[in-house]
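Lettered A, B, C and D in written order, each chain numbered from 1.
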Amino acid sequence: MGIIKKLPAHLEKFPGGGIAVTSLETILLQGQSKSVWYLLFGTACCAIELMCTGASRYDFDRLGMIFRATPRQSDLIIAAGTITKKMAPRLRRLYDQMAEPRYVIAMGGCTIKGGPFYYDSYAVEKGIDHIVPVDIYIPGCPPRPESLLEGCIHLQEKIRQQKLSDWQEK
Amino acid sequence: MTRDELKDYITKQFEGKMTLLDTGRHDPMFEVKPADLLEVSQKLHDDENLQLDFLCNLGAVDTGEIFEAVYSLDSTTLKMRLDFKLILPRDGAEVESVQKIWPGANWFEREMWELYGINILNHDNLKRFLLPDDWDQGHPMRKDWDAPDFIRMPEL
Amino acid sequence: MTWPIATAELFPIFSYLYELLESTGLPQPWLAIVVYTFLAVVMFGVLALLALFLVWWERKIAGHIQQRFGPMRHGWHGWYQTIMDAVKLLQKEDVRVATRDKPVFFWAPVICFVAAFLAYVTIPFGEGLIVADLNIGILYVMAVTTFTVISLLMAGWGSNNKYALLGGMRSAAQVVSYEVPMVASILVVVLFVGSLSMVDIVQAQAGGIWNWYAFRLPFGPIAFCTYIIAATAEANRTPFDIPEAEQELVAGFNVEYSGMKFAMFFLAEFVNAFTVSAIAVILFFGGWHGALLPSWMWFLGKTFMIVLLLMLFRWTYPRLRVDQLMEFSWKFLVPVTFVNIIIAAWFKYAGWYW
Amino acid sequence: MPELRTEEFQVNMGPHHPATHGVCRMILTMDGEKIVKIEPVIGYLHRALEKICENRTYAQCIPVTDRFEYVTAMSCNQVFAMAAERLAGIEVPERAEYLRVIMLELNRIASHLIFYGVTAMDLGALTPFLYGLREREAIIDLFEMTCGQRLTYNYIRVGGVAKDIPKEFIPKCHEAIDVITEKMSDYEGLLNENPIWLVRTKGIGVMPAKLGIDYGVSGPVLRASGVDYDIRRDDPYSIYDKFDWKPAVHQNGDCFDRYLIRLDEIKQSIKIIKQALEGLPEGDIKAKVSPNFKPPAGEVYARVENSRGELGIYIQSDGGKKPLRVKMRGGSYCQLQALPYFGTNCFIADLVAIFATLDIILPEVDR
C-alpha cells in the first residue's frame, strides 16, 4: 500500500504517465476486487448462513473469496450477527488490525440497526455503522446465502469504481 | 414416584420447611424460607427416595414488589422433577450459595447477582460476566430499570 | 523415426543461447555472471508461475473433492484467480506491529522466500536442464531447505505474538524431528547409487520403470513411503501443518504478517511443496526418464503427480497433535528408516542387491 | 548447571478465534503447550433475550426464541410453546404434535450434521465440514418449503404449528432421509477408522459422569459418559412415547464417544421421523388460541431435549398478556461451565477437540 499510495503522484510527472496510471489503476482495482479474502468472523445466526455460503451449494470460492483466520491477511470483514456492547470494541479492534484496503459488510438486521433487538434490549449495539465504516448492507434475519453472494458481487463492483487517486496521501 | 406421590412425600418429609404452592402448572412447586435453603437443598440432594442431583435451572424473578429465586431440580436416576422457590425482599436481597450441593449453580448465581443485584453469600467467584466490563448502569433485569438508550417497544 | 514432440527438448535452446553469448567474446568472469543472472531470473520466473499455478490447482482440487468448483468466475475455471490474488497482495498495506523485533520481523519472510528457491540450483528439470550439477547435490538441497525453519522461528519470535511464537516453536520442533527420517530415507538411494549428485542419481534409474527406486523391492518402496511422510511434514502440510494450525493458532507463525510479506510465506510454502515432490521424483521415480515426451515434461508431470498426492493428503486427513507428531517421527519413522538403511547396507556390502 | 527457569503464560483465546464457534473467550494459562487453567469469559453475545421476552406477548415471544438457539430453532419454538400451553392449559391437536416431532427431529439431524462438520474442521479435516453442510441443505430445503425460512423458523406456535405442510413435503422428506442414510456411511468412512482421527479423539477430554451431573451437563455429552438420560423418554413431552426408538448411550465420555453418539442420534432421529411420517393423521394443525391470550397466573418450567442437551424455559405469568419472567436455560451454558474442570492438563489442540465435541453454541450461553 505504501508505494502505491504515492505512485500516481510520481508517475504523472513523466510524459505519458497519466496513461500508465489509468492502466495501472485498472489492473490494481481488478486485482483487489477479484480477490477479496474475508475474515472468519461470525457472532450469531448469520454466521451459520455465512458457513453455508462457503459450503458446497453456494461456494464463496467461485468469486475468489476464501477465508483467513487472521485479520492481518483479510480484506473484508463480514459482520455476521449481532454486535453487542461488549463485542463492539473488539469489532473495532479487529477492523483496526486489518491491513488497508479494507471493507466491511454489515450482514443481517442486527448489524444494520439492531434488528429484532432494537427494542427492549440493554445490551445490543444499535447498528455497527458508528463503530466501523460499512460498505455494503445486507438486510435479512438472517439473509439468505444468495443475498450474501449478491452483496459480495456489489462490493466487488464498488471496489472497481474507486480511483487510485482516492487513496493518495494528502 | 408420580407427581401426586411426590407432593405427599415432600409435605410429609419436609414438614414446615417446604410448603406446596398452587402456582406450579406442570411440576409441583414449593416455597422454602431463605434461612432453610441449605438444609433443605442438602436433604433433597441426599434423600434416598428423591436423589435430586441435577440442577436444571436457577433464576431470579422480579415481580415488582419482591424477588423470587426459583430452583428447578431433577433426578437423573429416579427421573422426576421438582421446583421450589425462595421469596426475597426487594432491597438487600441475599441468598445463600448452593454451589456446594450443586456445583453447577455457580454461573446461575453469578447471573442473578449481576442482572438482579441479589447478593450471593459464600460464592467463590462473584465477578461480572454477561455485561460489559465497564458497565455502570445497575442491574438491567429489574423491572424498574431504565437507561437513556433503552427503548421500550411501543404498544401496538 | 523420432517422435516429433521428443524434439521439444529445452536443453538445445539453452546451449544455443550460451554459444551465442560466447561468440560475443565476453571475458570469462563476466560471462559466468551474465549466464547465472539469466538463469536465476528464468528460474525465479518459472517457479513463481509454478507456485501461482499450484495455488490455483490446490483450490480447484479442494473444490472438486468437496463437491464444489473452486474459483470459477475469473477466466476459464478461474485460471487467473491467483494472479489477481498476487496483484492484490502487492497493494495491501504492510502492517508493522509496534512491538515487533524489527530486523527479525523484516528478514523472516525474505529468508523463507530465498531458502525455498535456493534448492533449485541442483534440481534437474530435464536432461541437461540443471543450473549446477554439484557433486554434493542432495546434501546441498537438504542443507538449504532447512533454512526455512529458521525463518519460521524468526517470524514467530519477531511478531511478538504468543500464537506466532507457539507456531514458530512448533515448526522448529517438527522440522528438526522430521529431518532425521527424511535424510535417512534418502540415504538408502544414495547408498545404492554411490553418489550424491542429482544427475548421477537420475542416470542410475535409466532404462525403464523397473529401474526406478520406488519399485525396487524391498528397500525402495519403504524408503519412498517414509520419505513422503517426512516430506509432508517438512513442507508443513496437513496432516502435519501444526505450525499454522488455523483452528488452534489462528494462523501460526504468520499471524501478524500482511500483504507482500505474507505472500512470500505463502509462495514459499507452495515452492517447498514442489521442491519435496521434485526430490521424490528424482530419487524414486527416475527423474526425467520416460518415453516419447521430452524429458522436462516427464519431470514436471511426475512432480505434479506427487504434489497431487500431497494435496489429497491435505484434503482427507485431520491434523495431528504436536506431541503425537513427535512421537510418530521418533518412535516410528526413525526406527523404520534406520532398520531399512542397515539392512540395505548389509545387502549392498554382501553384493546381493541386483 | 542452574536449573532452567520456566514460566507459565497466558493466552487469550477469543472472542474472535476460529475454534470458539462464535464469540467465546477463554483465558488460558499455559505451561508451554500444556493448558494449566481455563477461564471462560462469556457475554459477548448477551442480547438480553429474557428482557425482550418480558415486554412481548406470548405470540410475539416465539420469534425471539428462534434467536436463542439458532442451530435448532425448532426446539426453542417448541419449548416456549409447550410452556405457554401448560400455563394456559391448551390442548394441541394430534396432527400438530406429529408435525412438531418431524420438524424437531429433522432439526436435530441438521444440527448434528453441523456438529460433524465443525468438529472435523476444528481437528484440521476440511472436507467433512463441507460434506456435513451439503446434506444439511436437503433438510433446510424442507424447512423452507414449510415455513419459508432457512434458519429462524417461527414455525411451532402456541397451540399448534403455523402452517400445514405442502403436498410435496412427504416424498421430499423421504428422499432427504434416504440421502442422509446413504451418506452416513460416507461420514463414518471418512472419520471413524481414520487413525489420525482416533488418536486425536480417543481418551481425550474424558468427562466423568459424576462431574457432568454435578455441573448440570446434559444431552449427548452426558449420555456419552454413560448416563442413560434422555428427556424425550424420561420426561416425555409431545408424542415421543408413541414411537419406537432408544436413546444412544456410550460409556467412555471421551471426545470420540461424544462424536459417535451424535452419529447414533442421527440414526435414531431418522427412525422417529419415518414412524411419524407413517402415522401422520389428518386433522387440525392449530388449537384456537387468541393472539393476545392471557394465561392464568402461575409458573412452569418446560424442557425439551435438543441436540445440545436440556433446553428449558421457565415462564412466570401474572395473568397479563405478557409473561412476567422468562428464564432460558441452554445445554451449552452448563457444558461451558463444566469445561474448566475436565479440560485442563491437555494440549491446546486437545482443548479445541474438547470444545468442538461439547458442541457449545454461544447464544445458548449468553442469551
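By definition in this document, contacts are C-beta pairs under 8 Å (C-beta built on N, C-alpha and C of every residue); 3 or more make two chains touch, one makes a residue touch a chain.
What you see is a predicted model; the values in this text were computed from it and never measured.
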{"item": "Steps in the shortest chain-to-chain touch route ending at chain D and beginning at chain A", "value": "1"}
{"item": "Shared chain contacts [chain B and chain D, defined touch]", "value": "A"}
{"item": "Chain closest to the middle, measuring from C-alpha centroids that were averaged per chain", "value": "D"}
{"item": "C-D or A-C, whichever has more C-beta pairs in contact", "value": "A-C"}
{"item": "Length of the line joining the C-alpha centres of chain A and chain B, rounded to whole Å", "value": "45"}
{"item": "Gap in Å, rounded to a whole number, between the CA centres of chain C and chain B", "value": "63"}
{"item": "Centroid distance [mean C-alpha coordinates] between chain C and chain A, Å", "value": "35"}
{"item": "Touching two or more other chains - residue numbers and ranges from chain B", "value": "130-132, 140, 152-153"}
{"item": "Residues within chain D bordering two or more other chains", "value": "18, 43, 46, 48, 51, 55-56, 130, 134"}
{"item": "Junction residues of chain C - those touching two or more other chains", "value": "66-68, 246, 250"}
{"item": "All pairs of touching chains, each written as two labels joined by a dash", "value": "A-B, A-C, A-D, B-D, C-D"}
{"item": "Chain A contact footprint on chain D (complex, rising order)", "value": "15-16, 18, 22-23, 43-48, 51-52, 54-56, 63-64, 67, 70-71, 114, 129-130, 133-134, 136-137, 140, 150-152, 362-363"}
{"item": "Footprint of chain A on chain B - complex, ascending", "value": "130-133, 137, 140, 145, 147, 149-153"}
{"item": "For the chain D and chain B complex, residues of the former touching the latter", "value": "41-43, 46, 48, 50-51, 55-56, 86-87, 89, 213-218, 222, 227, 229, 234-235, 297-303, 310, 312, 314, 316, 318, 324-325, 327, 329, 333-334, 337-338, 366"}
{"item": "Touching residues (chain side chain D, partner chain C) in the complex", "value": "9, 11, 17-19, 33, 120-127, 130-131, 134, 190-191, 194, 196-197, 199-200, 347-350, 352"}
{"item": "Sites on chain A touched by chain D in the complex", "value": "40-45, 47-49, 51-52, 55-57, 69, 81-82, 84, 86-87, 90, 94, 116-117, 119-124, 141-142, 144"}
